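Alright, structures below, take your time with them.
Two complexes follow with subunit A in common, the first pairing it with subunit B and the second with subunit C.
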Partner chain A sequence: MLAYALKRIQLGLIAILVVSVFVFIAVRLSGDVSLMLVATDATPEELATVRHELGLDRPLAVQYGLFAQRVFLHGDFGTSMRYGVPALDVVLGRLPATIQLAGLAFALALLLGIGCGVIAALHRDQWPDKILRSVAALGQSTPNFWIGMMFVLIFAVHLGWFPTGGRGSLSSLVLPAITLAIPSSASILRITRSAMIDALGSESVNFLRVMGTPERDIVWQHALRNALIPVVALAGIQLGMLVGGALIVEIVFSWPGLGTLLVDAINRRDYSLIQASVFVTSTFLVFLNLMVDLLFGVIDPRISYR
Partner chain B sequence: MSLPSTAKPVLEVRELKTWLRGHDGGALLKVVDGISFSLAAGESLGIIGESGSGKSMTAMSLMRLTPLDAQGGGSVVLEGEHLENKSAHELRSIRGRRIAMILQDPMVALDPLFSIGDQLAAPLANHLNLSGDALEARMIELLTAVGIAAPADRLEQYPHEMSGGMLQRVVSAMAISCDPAVLIADEPTTGLDVTVQAQFLDLLEDLQRRRNLALILITHDVGVAVRICQRIAVMYAGRIVEAGPMEDVLERPAHPYTQLLLASAPHMGGMQRGSLPTIPGTPPHLGRLPAGCAFAPRCPQAFDRCRVDTPPEFAVSAKHSARCWLVAQ
Partner chain C sequence: MPTPHATTTEPAIAADAVATRSSATRWPWFAILLLLPIFVFGLFGPLLYPHDPSAADFSKALLPPAWLEGGNWSYALGTDALGRDLVSRIMAGARVSLLVAAVGVIGAGLIGVPLGLLAGYAGGWLDNVIMRIADVKMSIPAVLLIILIGSALGGGLQTILIGIIIVFWASYARVIRGEALVLRNRPFIALARVANCSHTRILLRHMLPNVMSTAIVLVTLQFGPAIMIEAGISFLGLGIQPPASAWGLLINDGRAVLETAWWLALFPGLAVMVTVLGANLLGDWLSQAIDPKRRGA
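This part shows the complex of A and B:
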């Protein structure tokens, strides 16, 4: 188990390193930073001076080396042009809001997806299964932002049950979290359903029945635990999509998280802030995937020994 | 087909039927079509036949574990109690406790996510309410009984850490864990390496004798049945076409199907010369059974009556019977 965990952590660190390269290159590809810093009528000499001060006249590899050194050794992504404080501080200030939203949405998605998936599998091809599958297909194919806007229209504007946006009391979390959870719970429902059906038809469940095992043990211990292996694999992917989806949902509900921050930073070409946002988001995802991988080791005894 | 037995039977099966609706929604398939036999404690019956002859469905019908849409009929009496009137809950307390089964492939019969100890403990806790030291001691005793060395260490292991032969021993330990009266073994050696097949059959025979089990061994391999069974029943298209004491059937097979089946089996131990004889044709589709005897189209000795009337059961000798018009002549 420990060797497995160490191997996973190693892979996670490599992933973060690769992310830093992509972040660095992507921002360099998006345009010349120095043009943003000088007056529109600056002479080429003035431009060259700025470029020299920023180190932009040096080879790309050297620039990356300096960037990586600052990032990994000092956690320094530079100063946000808009906020005038270190970019990382701005990003970390916004992170809790996104974690709160994505975390609640993920919990909702797991609860709804696994719960309804098991119900659908137990009533295979009967009406509960048919209804749940139709709802899941709808939830999976409807764009997130549209659902969000409809929720705002119905539950916030017309019924006035929840605020239209912003991050205030707990009630402001309800609509964005549900919006964000819908597509993921639909995917999780479908994979749980098919994995449960496979597990319930397996030879080992057959043997449990032959041995007179109570049906609730068969369903909730054996079949569900076996079905959770593909569900956890999907949940890992869904986590990434949730954080990505959070960026869009945050904008619909004016949720002050990383999504709104990132879009704002891109619009203002606040490069330090873009780099810091993307890097922190990616590192967060790598960390979550690491957790998912470790969870596999807990569920499936065959993994620890690979 | 009734098989009179000397001792008081622990299992009596009368006209057992399991009919399934085909996947295409067509005619009812008579997968098990009127099976009768009885079995006393300490007796062993081999049910042999080609794949698709209804052997495994017979076993599942005995356990009352047929598909939900199956239509059933006949009676199964276990230790004097009719199983066909039992509730699902009552049946669960009987399965694994009084009638148990060993499945074909030990590599998939156990749950890969639970340790051997957890899985072996479940029937003992469910049926006998064992726990703590008594449970532990019983598990060790069972693993020892099926010839597993260092049983205490094995309890901690997971199925993927054990070989197929070892797993089939664990499955057997689970099956006999609550001292059932009847043990069904459905092709128990098919999933094993040839080298451990014989060892496992020895174990099965040993368990059956020591624990006075009524054993039903289902196999397509005549050699396996001959090795450990006292009686034999030959199935074809959902019916027992010939049944009797092993020596009688081996020496004087009455049904042409049995004769061909025995001739096409490789003789264990000796080298075979030339190619093995085969039975011409294939088993009939259950949705398109011919009129008369189901074997008639493949039977070298069939005559006109075979294609018109279904043969009833005829006595060959006191305990030996066959469903064939040839016996009547």
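This part shows the complex of A and C:
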């Protein structure tokens, strides 16, 4: 278990390092900062001085080292042009709203996906299964930001049940969370269904049936517990997809999280803000994935032998 | 696909394949029907547009679909705020989606398949490096990666294409590596080595043909997700730039006038849904038809 945990932590650290390299490359490609700092009629010597002060004349590896030092030791991504404060502060201020949305959507996706997946498996090839599978196929094929807009049109504009956007009372969470949960619910439904069908046909379940265990206990206690292993394995990937999806769904509902911040930053070419957002979100996800992996190691003892 | 080397099928699997042939080899007519529009419009679009998709005509701005009051059959699905015909713009968007998804997914395969083969065949540190990079890629959401690329290169076709290639190569690499690991230990590879084949020759002539069918299934399976990502990125404004047309862009245009001109968001979204559903169904069908063991996955 310890070796497994150490290996996972090592992988997580490598992931964060690679992300920082990506961000560094993006910073370098997004334009020569020195050209923005000097007057348009600057002599090559003046330009060279500025470049020297910024360290742009040093080898790339050294530049990356300095960049990593700033990022990892001081959390310094530069100042946001739009807000005039350190980019990291702006990003951290927006993070809770995104976590709230993605967290609720995750809970919803697990509940819906597992519940409907079990129902589909119990009625294999009958009409409940066929309907659920068709809905899941549609849910995986439709951009959820578009579904969200249709929700706004129907439930907010025409029926007036929920606000059209913004982050206020609990009712403002309903439409965005459901919208965000749709694709993940569909994936979780599909994997729960097939794992549940396997589990229900297994030797151990047959044995329990022979022993006269009530079918309800077999389904919900024995079969489901085994069927959940691939579902938990999928959970980390789903979390990543949910946070990525939240960035787009937030736009539809004017949810004041990282997504709306990012699009604003993109439109204003606020590079330090974009890079801080990407770095913080990725690091957060790597951390979440690590937690899921470690939890998985605790739940399924076989994992440490791999 | 031709798999000239060692196509031994174990009897159990062969029997399974016969049993499921009726369902697996039936043509996926529904999926083909759903995919027909994007291919027809994508390949022959300019010949079929009822109007110029980028020609503005303010006297015809925000016309509703033809069957509603004030509609006009010349503009069957209505017009946008600039008076551009929605049917023509959706058809033009099909062209972009087809191009981006096809080039992106095939490009990702051209990188992912060789890397996967190499990782599985060579093993050792090379395998470790390639697969760790793939792991890291998997832990960053696609949207985030493409936003980062966009922040470096600016929006546009190149950003989406590079983005899709970077997002999808790792899936090829993972699956193909798994196949290569199995193939590597098959007798015909050992024989090829005994016969003094170079590693390059073994990889290209003996391993590659045996993973081609899997690679083709992966291309089909990733076509739908690629269209979704393109739509999402164009929706964010980092993809195809106006005045060009792309489905995600059209949906975003429709968002501004959602309450008054709902058709502008509705129909491009339906276009994405129909196409991605068709592609996903086709991918599922193909993976079952080629490999009966994957049924129900």
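Some notes on this structure:
Following the convention adopted for this analysis, the second predicted complex is superposed on the first by the 277 of 306 C-alpha atoms of A that agree within 3 Å, B and C clash if a C-alpha of one lies under 4 Å from a C-alpha of the other, contacts with A are read in each partner's own complex, and residues count from 1 in each chain.
Note that in this section contacts are C-beta pairs under 8 Å (C-beta built on N, C-alpha and C of every residue); 3 or more make two chains touch, one makes a residue touch a chain.
Nothing here was measured: the structure is a model prediction, and the numbers come from that model.
Within the superposed three-chain model, A:Val18 lies in touch with subunit C and out of touch with subunit B [touch as defined at top]. Of the two partner chains placed by superposition, only subunit B is touched by A:Gly212; subunit C is not. Once the two complexes are overlaid on the shared chain, A:Tyr271 sits against subunit C while remaining clear of subunit B. Within the superposed three-chain model, A:Ser141 lies in touch with subunit C and out of touch with subunit B [touch as defined at top].
Subunit A has more of its residues touched by C than by the other of subunit B and subunit C. By the touch criterion defined above, A:Ser204 lies against subunit B but remains apart from subunit C after alignment on the C-alpha atoms of chain A. When the two structures are aligned on the shared chain, A:His222 is found in touch with subunit B, with no touch to subunit C. Of the two partner chains, subunit C is the only one that A:Asn289 touches; subunit B does not reach it.
Subunit A meets subunit C in the complex at residues 11, 14-15, 18-19, 22-23, 25-30, 137-138, 140-143, 145-147, 149-150, 152-153, 157, 194, 197, 237, 240-241, 243-245, 247-248, 251-252, 262-263, 266-267, 271, 274-275, 278, 281-282, 285-286, 289. Residues of subunit B that touch subunit A in their complex: 63, 65, 91-97, 100-101, 103, 105, 108-115, 122-123, 126-127, 158, 160-161, 171, 174-175.
Against subunit B, the residues of subunit A that register as touching in their complex are 202-204, 206-215, 217, 222, 225-226, 299-302, 305. Here subunit C touches subunit A in the complex through residues 132-133, 135-136, 138-145, 147-153, 155, 224, 228, 231-232, 235-238, 248, 251, 254-255, 258-259, 262, 265-266, 269, 272-273, 276-277, 280-281, 296-297, going by the rule given at the top.
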